[in-house]
Amino acid sequence: MKKINVGIVGATGYAGAELARILCQHPYVNISSVSSVSYEGKLYSDVFENFRGILDLTLENASAVIEKSDVIFASLPHGLSEPLAETCLEKGKLLIDLGADFRMYDENDYSEWYKRAYSHPEIHKYARYCLPELYRDKVKEAKIIGNPGCYPTSIALACAPALSNALVRTDNIIIDSKSGVTGAGRGLTQNSHYPDTNEAFSAYKACQHRHTPEIEQTLSDVAGTELRVTFIPHLLPVNRGIESTVYMNLNEGVTKEKVRECYQKAYAGEKFVRLIPDGCYANIKNVRMSNYCDISLHFDMRCNRLVVCSVIDNMVKGAAGQAVQNMNIYYGYPEDTALCAVPQQF
Amino acid sequence: MKKINVGIVGATGYAGAELARILCQHPYVNISSVSSVSYEGKLYSDVFENFRGILDLTLENASAVIEKSDVIFASLPHGLSEPLAETCLEKGKLLIDLGADFRMYDENDYSEWYKRAYSHPEIHKYARYCLPELYRDKVKEAKIIGNPGCYPTSIALACAPALSNALVRTDNIIIDSKSGVTGAGRGLTQNSHYPDTNEAFSAYKACQHRHTPEIEQTLSDVAGTELRVTFIPHLLPVNRGIESTVYMNLNEGVTKEKVRECYQKAYAGEKFVRLIPDGCYANIKNVRMSNYCDISLHFDMRCNRLVVCSVIDNMVKGAAGQAVQNMNIYYGYPEDTALCAVPQQF
Amino acid sequence: MKKINVGIVGATGYAGAELARILCQHPYVNISSVSSVSYEGKLYSDVFENFRGILDLTLENASAVIEKSDVIFASLPHGLSEPLAETCLEKGKLLIDLGADFRMYDENDYSEWYKRAYSHPEIHKYARYCLPELYRDKVKEAKIIGNPGCYPTSIALACAPALSNALVRTDNIIIDSKSGVTGAGRGLTQNSHYPDTNEAFSAYKACQHRHTPEIEQTLSDVAGTELRVTFIPHLLPVNRGIESTVYMNLNEGVTKEKVRECYQKAYAGEKFVRLIPDGCYANIKNVRMSNYCDISLHFDMRCNRLVVCSVIDNMVKGAAGQAVQNMNIYYGYPEDTALCAVPQQF
Amino acid sequence: MKKINVGIVGATGYAGAELARILCQHPYVNISSVSSVSYEGKLYSDVFENFRGILDLTLENASAVIEKSDVIFASLPHGLSEPLAETCLEKGKLLIDLGADFRMYDENDYSEWYKRAYSHPEIHKYARYCLPELYRDKVKEAKIIGNPGCYPTSIALACAPALSNALVRTDNIIIDSKSGVTGAGRGLTQNSHYPDTNEAFSAYKACQHRHTPEIEQTLSDVAGTELRVTFIPHLLPVNRGIESTVYMNLNEGVTKEKVRECYQKAYAGEKFVRLIPDGCYANIKNVRMSNYCDISLHFDMRCNRLVVCSVIDNMVKGAAGQAVQNMNIYYGYPEDTALCAVPQQF
């Protein structure tokens, strides 16, 4: 099989490095070029020393990446992927965007939460929001793939069967999420300075995190009705992993058995979603370094409430792994190519 | 001032060691005796080497502690404090119990969740549940002090002003708590084995944690109506600290300003409760090694919901510190004696 | 290519689980059976939930593993591998032993440090100590492979070029090593209880660690003269990784350039040993979850001293990865089969 | 007793915050003013939220601090304390400098390692290097107190009895130290970014750390002869604590008993130095949040070598605590005033 050339724009952030890590092990691709504004001209393995002897490319600029690649992965601050996408479209190259520019169906939701209008509104019709377990069909029709955000991935997979089967009310969904520090990116801030983060824990951006409209978009879509959620993210002193605990009020007459059955059916054929047995808890350590999403179901029958715990590796299923999964689907490779690593439990 | 003699039964658990740490710095007490079933006969400072040269007592048994002390602190598995309390009552000595035996108003709540009946039902009329900020008056009338649990402390302080002022509905209270690993005790389990805990995160005992009836008892009491909560605890990979994020639906017409005002009024004179300014977040690092409870208020006005974040050090305000606070009140010492340490931010 | 059947005896320790993780990704093997004394009869994926849907075998006993496998990996306390080896020899099956029973050339060294004599002295002539980068030729002649210990691996690779080229004196070698907590095993101890380990650091077993004779055996061998070392291990509050800082006094006239040249030559063809550029430091994060050993050279020319920093993942190159590397060599597979993972930097 | 006014210049670094934490609990001082270049005009408790309600001063500039204080603590990058000291001298105020400007006896050592000459050479005659356990007499004669560095404190206390009693050779001292991340300061760097530091470990500044001449100055002084050491620091993924493992070759005929006896005698009257019993190990967790230095002695009699493990809290005995200890001595307060906290074991 002829290898395809893939490039990474924004390769020196964490998601970029994670893409490189996964793609290095992909049998059908060749990493042709990597770019970075801050480190252009340096060796990739001087920036990330774990790659020494493995990926010793020199960092270039975005144009070089586009030129040398069939598929371009972009991991950039919002607003920067739109012009990139336009160029890719012109040149007939697939863009898989790990940023926020191509995730919303409605520009209003984007502009309200990201405080800017689209710079290239005309290209959005070529974009598809691709969370494979929910929207696998969209992948092949996309010219621009909007790769889901980390929190929204963990939450959409936690809620979809409950909402699409009308097991729960849609007016009282509460989401308490906790993310490892890589989720905050590789840029230096006091909040991610080791002594300020280690042995610390708090919520942040309560009710104002930019992933909120993306969460509501998917949940409304699967529920078939507009809904709103209360979403509170917290910063967890670990490197990797997101845990989302979602609270939903059961509709009258819905039993535990019914709920479990709907979740089993929904994910029966999905390799990357594992429904955890009764009495066990989804734990980030069981999905670390993998593309799995583990889901456990809990019931507060005294309050007639369903509680779903969902965990992913924010860097893999929440970013780079899911992007490679989308590429695999797009090209017709086995969906788990380069994504078969056993999770790192310890 | 003549010093009182204090003793610790169960001194080799974490709460016992924390009592010793705080009491060593208390100017009005003398630690007269410490006991432990597992380590009887050993030097305390051989069990906890941080105490070398500071508290070099030999560990005795419970009877010796009672004999030598005016006040007995007990930190024992549930069921073991009742006989101890009887002896203390007989001898006219104050028992401050950090366990669960003397927290419930209603034996049925205790027997339902702890799966045993009281062994000494007649002595419970001398016991008082003493969370000082809510029940300060109870302390002086107690002969047995039931010291609150860690989760319930963080949650009661988070919710009391909202419920006592009828700011929120009582039928939809959701509590998502996260506790440091000392909360699981010093006994060895796979779940607290370092490589299984580090870089891990999950819920546990969902909807079945034994602190639930204590939480509901206090919240019902301040609300003036029976209520139930959904309570999900999670294990946080840090040594110390509890963060509780509480979700409550605002009653109609209640404004942010009204909420803040009620909280300010409720805690105006309380040294150990700090209401954090708008836009900041209660973080366990700001209360570590201290008796403070920090509370921050957040609003999801799109969903008409109040979110309260509350943090304590589970070992101090959640256990030993609050016990000393109760002793200070009982004896008329300044309430913050031995509890003035500045929190350890890093 | 026909797959070989491999089994793991002692599969529920950390090294056993790491073997399973790596072997699951090995294209030429089939995991035929796993055993455990403590968990016999349970599902492997109920013990290690990360394996759910990946390795759902039922745990058996050691005899079943031997019966069903061509190659047996054993990860057992010392003393238990000898009888196992005898059975494997009889049945003509390869044993790769991750324990200490087959590492020493001289039974006296074993009995002095492990306080027991060989139970099956006659079988040791079929055993070979196989650290591939130093003793690759031994692998094919072995019937029992003694897989090196974690500390000795990091130290032997750090010192071999200096000693075999007579760059340093042999009478003053000082080794200060630090190991992640998985090195202490999965058994519960107070020292690996999370709150006792987290934010802690100390030496342990100073000058009496059982890896000492193995270290001295290899260093003496490459130096061509009997030597002794001072070896102090420390417990590092991370899950994985060993860092060894080795201090050696340079022989007269030996220059930095000469040292670097010898190290470069020694490891020129070795995929798994990476000599880090001048000015950089070997860091465990750059080898985590991989079979690499990174080595950096430092010079204190004021004291005429060479300092070598060496890092490995104690679970991979220090245990399971090296065992698979040995199996690959034995069977003539590419040496890096199943060992190509890019290290996990974050 | 009339309280003295103390001020902190550079109060928003970690050492500054630690000074504030300790001084808040000092019965004989009043914190009159704090300064910071970066945060001037902000509330101290907005920078460090743990101080809310405890120390709500507005940050001023250095001049204001000097004006309002009897004692000035300075925690500044090297070079900045000299002009400050001159002003303090003029105004007759005591400067306790936590930086490097007043630690060296010989300007040449300073200029060689810090790459600058003294800007105010004439004032250095008023400065004294004050490590109380070794140089208690110097404190009262000082007008400027040069407070020791963190590594040098742990190392000097580890070595002094061995060197002053001629127990060991002076030509082969090797020091392997490990420091928590607060040692690297509060300034943002990639190396202290949480995901780059957590689960990582490596040496840094091998043989070129600026504490080297300070270490050699003290060790030479107590040994009575010029000596050099090899000193390799490592970054430890914990917030607080330094562990130094020091390797020294015993002089002929020196026994274990003799060594232990000399250490006992040397520290017999020293509250803050604890000699750990045979068979135990100095562990940073037993000194955290305290002014103690714990020392354990180990012997490799096979190699005739003494190994000393020494631990301190780098922020307390290694910085702010020792500075307060010096102030207590200077003013004739009990030496342990505000320094009696029991270490935080967990």
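First chain written, first letter: the chains are A, B, C and D, and each begins at residue 1.
Heads up, the rule we're going with is that contacts are C-beta pairs under 8 Å (C-beta built on N, C-alpha and C of every residue); 3 or more make two chains touch, one makes a residue touch a chain.
On a predicted model such as this, the values are computed, not experimentally measured, just so you know.
Asker: Pick the pair with more C-beta contacts: A-C or A-B?
Answerer: Top pair by contacting C-beta pairs is A-B.
Asker: Among B-C, A-D or A-C, whose interface repeats B-D's (more than half the contact pairs identical)?
Answerer: Residue-number overlap above half with B-D among B-C, A-D or A-C: A-C.
Asker: From the mean C-alpha coordinate of subunit A to that of subunit D, what's the distance rounded to whole Å?
Answerer: Inter-chain centre distance comes to 46 Å.
Asker: Find the geometric centre of each of subunit A and subunit B from their Cα atoms only, then give the gap between the two centres in Å, rounded to an integer.
Answerer: For subunit A versus subunit B, the centre distance works out to 39 Å.
Asker: Distance from the CA centroid of subunit A to that of subunit C, rounded to the nearest Å?
Answerer: 36
Asker: At least two other chains touched by the same residue of subunit C: list those residues.
Answerer: Residues 14, 182, 195, 198-199, 237-240, 283, 285, 288, 346.
Asker: Specify the contact topology among the chains shown, as one of line, ring, star, complete or other.
Answerer: complete
Asker: For subunit C, which residues count as touching subunit A in their complex?
Answerer: So the residues of subunit C touching subunit A come out as 14, 17, 20-21, 24-25, 48-55, 182, 199, 239-240, 271, 274, 276, 280, 283, 285-290, 294, 315, 340-346.
Asker: Once bound in the complex, which stretches of subunit D touch subunit C?
Answerer: 172, 174, 176, 178, 195-196, 199-204, 206-207, 228-230, 232, 234, 236-241, 243, 245, 247, 249, 281-285, 288, 296, 298-300, 302-303, 305, 307, 309, 311, 346
Asker: Can you list the subunit C residues touching subunit B in their complex?
Answerer: Those in contact with subunit B are residues 14, 180-182, 186, 188-190, 192-195, 197-199, 237-239.
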